[in-house]
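In order of appearance the chains are A, B, C, D, E, F, G and H, and numbering begins at 1 in each one.
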Amino acid sequence: MKVGVVMGSDSDYPVVAKALEILKAFDVKATVRVLSAHRTPHEALDFAAGAEEEGIEVIIAAAGKSAHLPGVMAALTAMPVIGLPILSSTLDGLDSLLSIVQMPKGIPVATVAINGGENAGILAVQMLSVKYPRLREAMKTYREKMREEVLIKDQDMIEKTRNYR
Amino acid sequence: MKVGVVMGSDSDYPVVAKALEILKAFDVKATVRVLSAHRTPHEALDFAAGAEEEGIEVIIAAAGKSAHLPGVMAALTAMPVIGLPILSSTLDGLDSLLSIVQMPKGIPVATVAINGGENAGILAVQMLSVKYPRLREAMKTYREKMREEVLIKDQDMIEKTRNYR
Amino acid sequence: MKVGVVMGSDSDYPVVAKALEILKAFDVKATVRVLSAHRTPHEALDFAAGAEEEGIEVIIAAAGKSAHLPGVMAALTAMPVIGLPILSSTLDGLDSLLSIVQMPKGIPVATVAINGGENAGILAVQMLSVKYPRLREAMKTYREKMREEVLIKDQDMIEKTRNYR
Amino acid sequence: MKVGVVMGSDSDYPVVAKALEILKAFDVKATVRVLSAHRTPHEALDFAAGAEEEGIEVIIAAAGKSAHLPGVMAALTAMPVIGLPILSSTLDGLDSLLSIVQMPKGIPVATVAINGGENAGILAVQMLSVKYPRLREAMKTYREKMREEVLIKDQDMIEKTRNYR
Amino acid sequence: MKVGVVMGSDSDYPVVAKALEILKAFDVKATVRVLSAHRTPHEALDFAAGAEEEGIEVIIAAAGKSAHLPGVMAALTAMPVIGLPILSSTLDGLDSLLSIVQMPKGIPVATVAINGGENAGILAVQMLSVKYPRLREAMKTYREKMREEVLIKDQDMIEKTRNYR
Amino acid sequence: MKVGVVMGSDSDYPVVAKALEILKAFDVKATVRVLSAHRTPHEALDFAAGAEEEGIEVIIAAAGKSAHLPGVMAALTAMPVIGLPILSSTLDGLDSLLSIVQMPKGIPVATVAINGGENAGILAVQMLSVKYPRLREAMKTYREKMREEVLIKDQDMIEKTRNYR
Amino acid sequence: MKVGVVMGSDSDYPVVAKALEILKAFDVKATVRVLSAHRTPHEALDFAAGAEEEGIEVIIAAAGKSAHLPGVMAALTAMPVIGLPILSSTLDGLDSLLSIVQMPKGIPVATVAINGGENAGILAVQMLSVKYPRLREAMKTYREKMREEVLIKDQDMIEKTRNYR
Amino acid sequence: MKVGVVMGSDSDYPVVAKALEILKAFDVKATVRVLSAHRTPHEALDFAAGAEEEGIEVIIAAAGKSAHLPGVMAALTAMPVIGLPILSSTLDGLDSLLSIVQMPKGIPVATVAINGGENAGILAVQMLSVKYPRLREAMKTYREKMREEVLIKDQDMIEKTRNYR
C-alpha cells in the first residue's frame, strides 16, 4: 500500500516530514514529490493522472498561500486527496486553509489543520484502513499508545500540582 | 457498504441531505442520526464506539458553531471521519470551520467546505473506493458526467456571448 | 485585439457580464468560456495553453470559494491574467480573494476587488492600452466621462443639501 | 471548596498555572488534570461525570486549536464550566476562542480571554463566592489591592511624565 | 435568589428575553434594566455597586458593537458577571464578542456565544446552583429533557431517512 | 462655524445624512460634496486645499471599500478630518474600516464606527466645541437628553419585565 | 492648552510616549495618568468628569484587548476623546481596535491606527488647532518638514537605484 | 521600455527590491521613487500625471497599512497600476491588502500577494509583454527556468525520501 505525498515547495518539507514519519510508523510506503500547481503544472497533472496506475491509493498534498496543489490533485484523480495547509509569512495560515478547504461542489479535498503534518499522515492511514484491516488494528494500537502517553502526563500533572490540592 | 451520517441538530438536515443524495446515487447505504456532542454525549459516544461493529466504514459528521461532533466521532473510532461545517446565524461559518478543521495532533477530521454537503458525500465515496473498485469506477463516471455538464454550459456560454466576439 | 474571459461556473455570469460590457464599450473582442479548474481541468489547460495562438492578449478569470481558475490560467500562459474573486454564500468573499491574490512567487495574478466585474474589464483594457494607443485615448475619455458623472452628482448633492448650508 | 482544573495538553500548563496561583491565593483547593477530549475521551468524561461527587464545585478547562475539552466538561456536568482558550502557533488564538465560546443552545461555557489564566482563576473564585461569603470578601480585598497597585503606577507615571506638564 | 439582567439598548431585548425565559423556567427572579455604559454611566455604576445589597447574586449584561457594559458591571461588583454579545448590523458580531471576552487581567467576564440568550440564562442558573442545590437538581432535569428532545429528533430522523438505509 | 462633509459616492448619502442631521441640530453649517479620491482626484484635492479658506473648520469624509477619501482630505489640510467607513456589499465593512483607520505615521484620520453617521456628526461638534463654548454646552444638553431617553427606556423595561421579578 | 493622556496600563507607555513627544514638540502640555476602566473605575470616572475644569481640552486614551478606557472617557466628558488601540499578545490588535472604534450611537471615540502613538498626538494637536491658530501654523510647518524628509528619502532612493534606470 | 516603481516609505525597499531585480533580469528600466500619498501628495500626483510623458508604461506601487498610494497612482494615470501590499507590524498585512485590492468601480489596481515583490515585477513584465514580443519570449524562458528549478528540487526530494518508498 502506498501514499502519494506531494508538496508545492521544498520549504514545506519540515511539516510534510511529520506525515512521512507517521506513514513509516504504520509501514505504509510513500512516493514523495515536489510538484507545483503553478510552476510545474504538467508534471503535477501527470502525477495525479498516473497515481492510480502507480499503485498509489491516497494522496497527501501540502501547499501554502494560494494553495492550489491539493485541488489540482483532486481534480485529476478519483482517489481521496488530503489537503495540508502550510503556514507562510503572512495571514497566519488563513489563506492556505481557505484555498484548500473551500473547494467547489464536486471535488472535495479532505483538509486537516494548518501545519498538521502528523494528522495528514494519520488520516491517510485511516483511509487506507477502510481496505486494510492490519492498518485499522495498528491505528487502534496507536490510539491506545497516545492515550497512555496522556495518562502518564496526567499522572505527572497530578504529582506536580499536589501543593494546590 | 455503509456510511454513518450524524448531525448535531435536525436543523442541519437540508445540508446533510445533499450528502445523502450523493450516497444514494452511488448506491451506498447510510445510517442517519441526530446526535449532539453536548446534549446527548453518551449516545454520540455509543454511536461512534459501535460504528465499526454495525458495519459502518466511514462517518460523516455535520455541526455548526462550536462544532465538536466531528471531533467526538473521530476520538471514539479509528475509521476516517469527515467533518461538515454548518453555517449558522453569526460569524459566517468561520466558527464551525475552525472548530472542526483545527484538530490537535493525533485525531484528524477530514474537513470539507462550509455547507459542502455534496462534497462530504463525495469524499465518503472516495474513501470507500479505496476498498471497493466499483465505487472508483462509478466516481470516474460521475466525474465524467460533471465534466460534460460543464462542457454543455461552456457551449451555452459561447452561444450566449456571441455578440461579444 | 481580444480578451479571454473565463469563469468557473455559469453562476458567475452576472458579475462577469459587467466586464464584458466594459470590453464592448471599448470595442475589444472577448472569447467567453465556462471552464472549471476542477471539473474540466484539461479544457481549462488547453484554453490557457492555446490562448496566445488564438489571438488572445489578456485573460480575465473569475471564480469563487477555493478559486483556483485564475492561478491555473496564469500557470499555463505567459500573458497577464486578471483574477476576479466572486462572492459566494459563506465567508463574504474572503476565501476567493485570498485564493486568488496570495499566489506564490513566480506566477502572479492581477487581482481586482471581490465581485469587481467592471474593474476586471477596465484593467484588461488598460493592459491592452500598453500596446494599442487607441485604447489609451479611449480610457482617458472614459475617465473623463466618469469624472463628469461624479461632478453632476456633486452638483446635485450641493443642491439637495442646500438647507444644511 | 474545590475547583477542577483540566487542560488538553501539558503544554498548556504555563497558562493554567496562573489560574492555580489565583486559587491558592484565595485558599481554594484544585484538582489538576491533563485530560484530552480526543485522546482520552473516556477519562475526560469520567472526570466530568464524577466531579460533583468528588466535591468539585466549578471546573476550569483549558484547550487550544479545535478546543473541545471545555464543551465536553460542560456536557457531562451540571456545574458551571469556565473555558480558557489557549494560543497556539497559528490563527492567533481565534480558533480556540471560537471553538470554546460559540457553544450551541443549552450547554454554555463561561469563556475568558485567550491565554487569560488569571481571569479563569478569578472567575472560578467569583462563582464560588456566590456560596461562600469568605470568598466574596476576599475578592473585594483582592480588587482593592489591584486598585492600589494601579494607583501606585498612576503616581509613578505622574512623576515620570512631569516634564510634559 | 435573583439575577440582575442589564442590556445596553432596548433593541437587545429579543435576545435578552431568551435568558429571562430560562430564569423563569427555573423560578429564579430577575431585575431587568436598560443601562448604557456610555449614555447612562452613572446609573450603570450605581446598579453594579448596589447589586449585592439588592440581593442580586449574578449579573447578566448584554451589549453590541464596542460592548463595554459587561466590563463596567464586572469592574464595579465582586459577583460573577456573564457577558452576552449582541449581533449588530456590521462585522457579524465579532466586535461585541471581542469587546466582551478579551478582558484584561483581574476583571473577567464570563462570555457566552454571540446572541446566546438562552445560554446566558443557563449559565446564571449554573452559577447559582453552586449555592442552591434545588437549582442543581433542576438543571439536571432540564438537561435530561434536552436529551430527550434530541432523542426524539433522532428517532424522527431515523424514520425520515429510512430510504437511505 | 462650518463643517465640510464629503462622500466618495452619492450612494453613501443615507449614512452621511445622519451626520448632517446632527450638525443641523447643533446649528452648525455644512458644505456637502460628492468627491471621489479616484474618479475626481483634482476636485477632491482642491476641496481639501481650499477648505480652510472657505471657513471650514472640521472635515467629515465618508467612503466604502478601499476608502481613500478621508486620507486624501487629511493629506491636504492641517485641520482635523473625521473618517466615516461605509458598509458595502462584501467583507462586512472591514475593508473600509481598515483603509481609513490604519493611516501611516504623520497623517491621522479620526475614525468612527462603520456606518456611524451620527457619531461622525457628534465628533465634529465635539471638535468644534474646543473653540466654541456654545457647542460644549449644547453637547452637554444633548448628552442629558440621550441619558433621559435611556432612563425612560429603562423605566419601560422595568415595567415590561415585572413578571420576571 | 493641555491634553489629558490616559492609559489602561503602564505597559502601554512606550506607545503613549510617542504621543507625548508630539505634544511636547508642539509645546502642548499633557497630564499623563494610568487609569483603568476596570481596576480603578472611580478614578477613571473622576478624571474624565473633572478634565474640563482642570483645563484639559482634548483627551487621548490608550488601551489594549477589551479596550474600554477610551469609551469610559468619552461617556463622562463632552470634549473630544481620541482612542489609541494598543497591540497585545493575541489577535494582532483587532480586539482593541474594534473595542474602541465600534462605539454605539451618541458617544464617538476618534480612533487612530493600532499602536499609532504619534498619530494620536498629531490628531490632538489638530483638534486644538481649531481654536489655537498658532497650532494650525505649527502643524503646517510640521507637515512641510515631513514632506521634506520624504523628499530627501526620495532623492536618496533615486540615487540608490540608479543602476535600475 | 520603462516601469515606474513607487513606494510609500523607504522601509518598503527590501520588498520592492525584489521587483527591481526581476525588472533588471528582463532588461526593463525602472524609475524608482519614494512618494507618499499622504506626506507628499502633490509629488505623488505629479509623478502619476507625468508618468506617460516620461516614457513609463506600467506603474508598480507598494504601500503598507492604509495603503492609498496604488489607488492614487491609478486615479491619475490611464496606464495599468500594480499594487504591492506591504506587511506592517499589526494585522498581518490584511489592512494593506484590503486597502489596495477593494478599489471602487472604475479605477482598478492590479493587486499581487502581500510582500509579493517578485510577482509585482513579473506582472509588470507580463503587461509589457502585451506590446513587446521579446519580453513574452523572455518570460517563457523564465518560466522554463523556474520549472527546471522545481524539477531539480523534485529529483532531490525523491532522492532524500528514498527510505520512505
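Methods note: a residue touches a chain if its C-beta (ideal position, glycine included) is under 8 Å from a C-beta of that chain, and two chains touch if they have at least 3 such contacts.
What you see is a predicted model, and the numbers here were worked out from it, not measured in a lab.
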Chain pair among B-C, C-H or D-E whose interface repeats that of B-E, sharing over half of the contact pairs by residue number: B-C
Where chain E and chain H are represented by their mean Cα positions, the distance between them in whole Å: 50
Centre-of-Cα separation between chain G and chain F, whole angstrom: 18
Averaged-CA centre spacing for the pair chain C and chain A, given as whole angstrom: 35
For chain B paired with chain H, centre-to-centre distance based on mean C-alpha positions, whole Å: 40
Where chain F touches two or more other chains, by residue: 9, 36, 39, 65-66, 90-92, 94, 101-104, 106-107, 109, 113-114, 143, 146
In contact (per the touch rule at the top): chain pairs: A-B, A-C, A-D, A-H, B-C, B-D, B-E, C-F, C-H, D-E, D-G, E-F, E-G, F-G, F-H, G-H
Footprint of chain A on chain H - complex, ascending: 87, 92-94, 113-115, 143, 146-147, 149-151, 153-154, 156-158, 160-161, 163-165
Chain G-touching residues of chain H, taken from the complex the two chains share: 5, 7, 9-10, 13, 20, 23-24, 29-36, 39-40, 43, 65-66, 89-92
Residues of chain H defined as touching chain C within the complex: 52, 57-58, 78-80, 82, 97, 101-114, 116, 118-120, 122-123, 126-131, 136, 139-140, 143, 146
List of chain B residues in touch with chain D within their complex: 8-9, 36-39, 41, 45, 64-66, 68, 71-72, 74-76, 90-91, 94-95, 98-104, 106-107, 109
